[in-house]
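Look for chain A in each of the two complexes below; its partner is chain B in the first and chain C in the second.
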Partner chain A sequence: MSRSWNDMDEFEEFLDGGGIVEVDDDMPREYREAVFAFIEMHANSEYMGGLTERDWIPKTPGLRHKMSVLAKTQDEIGHGHLLYMVAADMGIKTRTEMLEDLMAGKSRFHNVFHYKAETWGDQVAIAFLVDAAALASQQAVFKNCSYGPYRRILKRIISEEGFHMRLGEDRMRRIAEGTIIQKEIFQGALDRWFWPALQLFGPDSKPDDKLLRWHIKSERNEVLRDKWVQKFVPMMHSYGFTVPAPDLAFDDETGKWDVGPIDWEPLKKTLAQGGPDSARRIGEARDNWERTAWVRNALNGVLQ
Partner chain B sequence: MATYEVFLKKDGRDEYRHAGALDAANDELAMVMAREAYIRRAEGSRVWVVNREHVLEGGDDFISPNADKPHRHHDGAEVAARRKRTREAGES
Partner chain C sequence: MSAEVLSTAQETEVLRAIALVDDPEYPGVSIVDLGLLEHVDVRNGVATIGLIPTFSGCPALAMIADDVAGAVRAVDGITTVVVTWLTSPAWSPARLSENGRTALATEFTVAVQIGSSTPTCPLCSGPTVEQSMFGPSRCRAVHRCESCRETVEVMRG
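This part shows the complex of A and B:
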């Protein structure tokens, strides 16, 4: 252990002064557990997101886009692995334990990966809306993250997510310039994905949010959510699509869009693994994990 | 299975920098995985992959004695002051 603190007050003073915690520091247990849980959920979400993307490799229209989907799938699974390494080094669970808990439905991943992607339009809507929401929340963590190993790995993850987001908007542009049927399919996808993407930011941050106090998050959930709304509502309009919010209103005074009241029940369901597609997704991830055991065994067997 | 640390360097003057870690069954697979996880878009032109067990690590306790050796530094303040006085005397 290289550094230690006498109590939480002293530790928080260190964090407030811009201190960066390293893996071998004797950090307070509550901090270690909270940061670990946050990184584990991020890792799980990258992994489950990668599997979502993979589902569409055979069905992606056009060779160029198929190759981009392959690259994006590899990126997401890779991000999962980078994050699992950072999380495992915190000494709470091993990488294998984290993966096994994920496959057993015992640990959380982002709400958006508890829904079914019905059409290619859904996949484009995910790349456009969801990746942007995920990127915004990652950037807010990167900005002021007090846990050094996480902050450093986020830097490379964010640079790759930028590619995904540009890819998403480009796919949307192609659909917006396409046929009436394409536009209808995509509008349907936007109608399904707008609210889950918006809920990815979570409900308003509590006043005493530990992750904010410990400089893991740098921005309150509602602030990030609002920024996303202000960016994406006009963008959807500019491409000729509508926003599925019946109470959507533009406030002339503030110059801001207001999406109206948010129903948080769907988010709560996904957090309890009870989303519309949770069971199938976790089941398929587990089947795939078991089916590919021979690959892991073969790689490990190289040693013998 | 062993844990490896990955270091990347771009050609030019930059030094090698730590990129992250990975688990691999042997050295050969560690190299392949380093390329696929950390050098996906030419983030480096050279890579060092080191088994974590082979890294010799010293912490603050080990290094700190050298942080308190003022005789290894010289701020040159008095010499600078003397030079300044000489310069000003010459100018007037």
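This part shows the complex of A and C:
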């Protein structure tokens, strides 16, 4: 079943023709590493996102929202699990090695999980702004992804993230149509989360981006980011909220919103585990991992 | 035309409307194919619909009920819609229709486990082995295919 290619040119020709790579194929080393790194970061982000969501289960107002937060937590952890399995199959790191690297602060996860969610308003802003950004970037991968096992998992993840979006809109409408205090809380949260959500897309894609060339991603970062801006700036305005961008301008000619210059320093800091809440988050994940070691040991003992 | 005949024709319309409601997590898969619909009753413009959750803590319940109510309200002559989540009978994977199973397998690489049978891989039909009792949802486990190594989610009771 395993296919192989003589050189990178032949492999790239296969990818350009819409070829799908499967786990047993003898893919070029660079491709294997690039796909693995991408999936590992996605898995880490689902896992760290799930832990964040979990923190809010006891603090979530109302049974309806509490159920949705519970379910979202299970979704994110479940997605992480599926993705770690797919990543481990690539034979670069085992699942345990990936988790240990994450706990040791050696691997990356999405910038948004390096910030602290201060209030319930932050959780709503995350569900509203960040989940939409994550979904948009996942859709752009799924659309054309050349790695089959990841593409098939993504299809399920995206359907579930679409469901989270609806839950997020439900949460958002309730707080946005609430009391003056609730609106103030939500504006504060939007002010904190607008830029991190926008930066989730990353800086402009380089012309020779390997992820694009190998059809792992199918859309440039700046294109996705712009679509998000064009959707969320008017939506925030329509609910009566302001966008925390001092240079925000509407271009009459293009009919588009421009958020002005983007400061990429905060993104760089988060990628080096130096975000405002990175140390606490990684530390908590590590404590949790260590505290539950006995469960893994017991299960491994039973299975052996 | 007697009132009884009228409601039967309307019931068909109502059923048709409900069949177009998709599961929020599986776009393209109808809740009827998933076996969530238990009964429909239409009398004097009042539609009473009984649904069964895959599990009682499912977070999609409110959303599914809203979607069903919206779809049924759009049927001619329906003035009131009452959607209820029933506590019995319990849902089981045996309630999935053939259509539902095929769509889950081909569109989402999701297998279905009936009773204690061994689920088969949607890609290669090989047997799968459970890796975790729970996946992203309470109604699904995570399996791996022994033949092609695919990571497969399995819907089970």
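In this text, the second predicted complex is superposed on the first by the 302 of 304 C-alpha atoms of A that agree within 3 Å, B and C clash if a C-alpha of one lies under 4 Å from a C-alpha of the other, contacts with A are read in each partner's own complex, and residues count from 1 in each chain.
The working rule: a residue touches a chain if its C-beta (ideal position, glycine included) is under 8 Å from a C-beta of that chain, and two chains touch if they have at least 3 such contacts.
None of the values given here were measured: they were computed from a predicted structure.
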| item | value |
| --- | --- |
| Partners on chain A (chain B, chain C) - clash or fit | clash |
| First (chain B), second (chain C), both or neither touched by A:Met67 | second |
| Partner chain(s) touched by A:Gly162 [first = chain B, second = chain C, both, neither] | second |
| More chain A residues in contact - chain B or chain C | C |
| Touched partner set for A:His81, first chain B, second chain C, both or neither | both |
| Touching partner for A:Asn144 - first (chain B), second (chain C), both, neither | neither |
| Chain B versus chain C as contact partner of A:Asp89, first or second or both or neither | both |
| Touching partner for A:Ser2 - first (chain B), second (chain C), both, neither | first |
| Partner chain(s) touched by A:Val23 [first = chain B, second = chain C, both, neither] | second |
| Partner chain in contact with A:Arg152 - chain B first, chain C second, else both or neither | both |
| Touching both chain B and chain C, residues of chain A | 24, 74-75, 78, 81-82, 85-86, 89, 152-153, 156, 160 |
| Complex contact set, residues of chain A against chain B | 1-3, 24, 74-75, 78, 81-82, 85-86, 89, 95, 152-153, 156, 160, 299-303 |
| Residue numbers on chain A that touch chain C, as the complex places them | 23-24, 64, 67-68, 70-72, 74-79, 81-82, 85-86, 89, 149, 152-153, 155-156, 159-160, 162-163, 166-167 |
| Residue ranges of chain C in contact with chain A within the complex | 24-27, 57-60, 62-63, 107-110, 131-132, 134-138, 140, 142, 144, 149-151, 153 |
| Residue ranges of chain B in contact with chain A within the complex | 1, 3, 18-26, 28-29, 36-38, 40-41, 43, 59-61 |
